[in-house]
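Take a look at this one; I'll ask things after.
Note that the chains take the letters A, B, C and D in the order they are written out, and that residue 1 is the start of every chain.
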């Protein structure tokens, strides 16, 4: 590639009530960098970029964009040229039009997802050693996006062959079709995962925690605050990715994953780990079932040009509940 | 009282295949003190009494007895006299008739449960600081019995008024009937709990772990060994007792609870904590539902005189699934 | 005994600057039950008694008393009679003369320590499940007192034979003299320990934490607040007691121990564990040396009658630094 | 750069007694991939490369080489050409001459250290989810090398400008001279650190653990096995790098660090964190002092051409104990 995507960078979520959202994300230990009556900007404890989560007050919950950070403005230009050559309709958001970030490049990707790229974001203090201010789940940093798409193989091919992502783990059908895939730029299990399910939708945004106990703390703190219903699934261990996980639903139903326990994937001789669609340990290593909501529900995404919700298509491969993963 | 019951002491369980049982209990880190072709004797890591779990090979799974340790032989005599005065039919097992234990006194209690009392047991080395030999869940010691009984108030009254137990927490119906009760001799939440459900049956034996991560380790280790199906419920937090819990089923279906996180209850001014039957946080503080098996299934118990299974009666109070607890 | 001491109950410490003290104890997660310009009353998270630590503003740091909770007022009367028979000069503090506590009985014990007994204390809410309010070391409850006394065997004999304490572990010289002893009423390793060192002085007050990570959190939080110098020793593992420990010095130099990991000692057949004075693993299981301050310094205690500092005597047995323990 | 170094790859250490070494490294949970009478090959639990630690039986303890893994054979050729252009005397070890690895390129670097590069290593099974086989410190993977060099700025310049490393954190003197530096290729705090102290020597090899409790387990297990003396420093928290650390000495005195808690450094706008040489929290965030041995002792390194020990030079900048770091 002539451009370098570093990592999953930020999510821009539309929420309907900033106070309710704040109560939820504050409880988990997100650090509020900035806010006004229409917006809250959150970052994780170790993050020095201004935000990884931008909540915008809107009449309806939706996903405006998920964003990747790039190595430089030059990489951004190269990526833009790349998209133009391929006939994508791109959209520039100029520097100054959004808080604390340089210009961003938005596209509707091969699955219809609203994707954004940027290189520059304002720097702020990391809170890593301000231990007396840590609380809740002590969320450290953004880790990944998990997207529901109707054609996983199409998404896989584009991200691997055209955008330079590598595959760490994947789920295969009996016919060796790719049913779900975990793709990364930074050397972790993933920056993005695609799953064979009605989409395009955002299934969840994953955040990295520093140890397993922080997930238990998240449950205890949410329950103590009367917000136990936010806990949708877990804590548990994924077979795929080996993550110790907890899935939460924010007040608008956006799903976030608290996540600890993956591994280094940066070797060029790393061979993707294959999981059979029917392997019972793939989804939950311990054998727990996930609730229906986890399989059925996901956040709707907006068209980057029209800001309308993008219509959802049925998946190409057969959908099977016990096999819908991570 | 003229006698002093110290604590829950041991469980005697009939199992059908010692090798399968051993694979399960060894994986969890129980210490095997002794065994032969018909028996295995397990203790926890910190325990200096010979065993807290006696598995006997039998054609059918059942509970032979649950046992309490007393302060002295003299206390045992006083208790015997107490039972005789009340017309209980008692049974002495003389010293030498059972491995590594002094004489034991058995009765069928007010709920029909097979209960045993003893004062003397052989002493062995504690393994507390043999850290290199700890494994699995690193089970530390026996903690409590949980019994399904048809008339909780009857059991409560007898254990509190006649045997000197104290109540730490309880569940009350709208009419202030005791629906479930947690009773202790040692100053923890319980040595025994009674729940309003068909019985008499043994719902589970609880074992104390030293920290929350040991429960996660238990899940990971069981799943890695292909025994993930043993995980029935949890890990999670109980509202009642505040325990961080994990319920497992052994190869014969006997249920054990791995348990961490209760508190000191030894003050004489300790007032029992009341939970309403409909409090959603009582059962699982985080809000998770328990599986049906946890509500329906329990180990059958044997008559101490005939060794036949004791017939099961429906509970006095209305049984309500979401309210069946811990 | 005709009286029943339940457990270590509270410490009354004189401090010179309540604001400095508050900053320290608040950081550790103690719960402030009450305070005014002259006093702060703290309790642990799980405690339902009004306080376990009473800080009184005074010109000079000292220990006014260490207190044990008794089963009832009747037990208190019986204990009073007991002391009178033995010729101790006792002092009653009538109900109402101290905040939130019934009458208390004070004596200068056989070692010269200011000891207090009480049965009644105001009840408040436990904070166990208010997880969103827990912070710092999440201190759960008072656990024990550790006292420097010149004649350990004299103290041992009185507490075991006259007050009904049991010994869990002890350090013996080559001549089988008791060099240090851990004594308990509640079934933990100790409510009080005595060590052969210049005294009478209070070496530290021990508080129970719920898991090992809470000790790490204590260090991180104190350091983040610029209070790292409060950390005197640890974290580490004691051979004796098996505790995972951390010793801190409060702004007046009073030492507290944060403590996790002991075991059940309530069996009547529990045999005290003997450690040789020269066993290198006794003091610190991992082999770390303790700093000189830990061996040399302790809080001075006041005469219960005169409120003057009690003069310090050299110990009966030889003092040996590497053997001075826990 | 025209070549891509991925990460710290392996250390080749000469040891004098393989049995003693095995007892130590096995206890910590290293996975033995292969061994014979002259060699042991270890890897971490999550590693799929054949080994990260090669112990060779020799009459004298020393460091034969520390090695970096490269992206491909082509990168290795480009690096070779790079060294040749600069006049380094290189040494090829052909494929087949060493166990389980492709050809390797060795040089004596600008500090005199024996450095090796390779692209290919045999693949084996990761043990990540074989939880029942994990033990001790559950070492996950190799993380970094820490090297004592006489001229840190010279090493810094070469690794950053010539080899493409990035600086995450560094220690500066009052005159803004670089006193120590942490450099990385993978996006963690470091693959290699250089410190201003007599060298060239290898101060330690760092290994990544999955959580803080694994360090406590390491101490407990080593002590239980009578190997507590292997614990040289910690557990504690580094200010610089934020790592929760434990330093151990193997039976030959080679130092290893068990390590948990750094953070993502892969952003191109990451600005190195500067620590003043006199900042007391830099070395140990909690304020603990390190023992003299930690400052004075390190493993001697061999000349890649002659296999003789390389002579040690005094450092360029003033050496100051309390400022010698991580």
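In the analysis below, a residue touches a chain if its C-beta (ideal position, glycine included) is under 8 Å from a C-beta of that chain, and two chains touch if they have at least 3 such contacts.
Keep in mind that this is a model prediction, so the values were computed, not measured.
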Between A-C and A-B, the pair joined by more C-beta contacts: A-B
Of all other chains, the one whose Cα centre sits farthest from chain D: B
Chain B and chain C: spacing of chain centres that average the CA atoms, whole Å: 33
Approximate Å spacing (C-alpha centroids) for the pair chain A, chain C: 50
Geometric centre distance via CA averages, chain B-chain A, whole Å: 44
Sites on chain D at which at least two other chains make contact: 129, 211-213, 220, 223, 285
List of chain C residues in touch with chain A within their complex: 27, 129-133, 135-136, 211, 213, 217, 220-221, 223-225
For the chain B and chain C complex, residues of the former touching the latter: 6-7, 46, 48-49, 69, 71-72, 119-121, 123, 126, 128-129, 140-141, 186-187, 210-212, 239, 242, 261, 263-264, 266-271, 285
Chain C partner contacts - residues on chain D that touch it in the complex: 212-213, 216, 219-220, 222-223, 228-229, 231, 235-237, 244, 280-281, 285-288
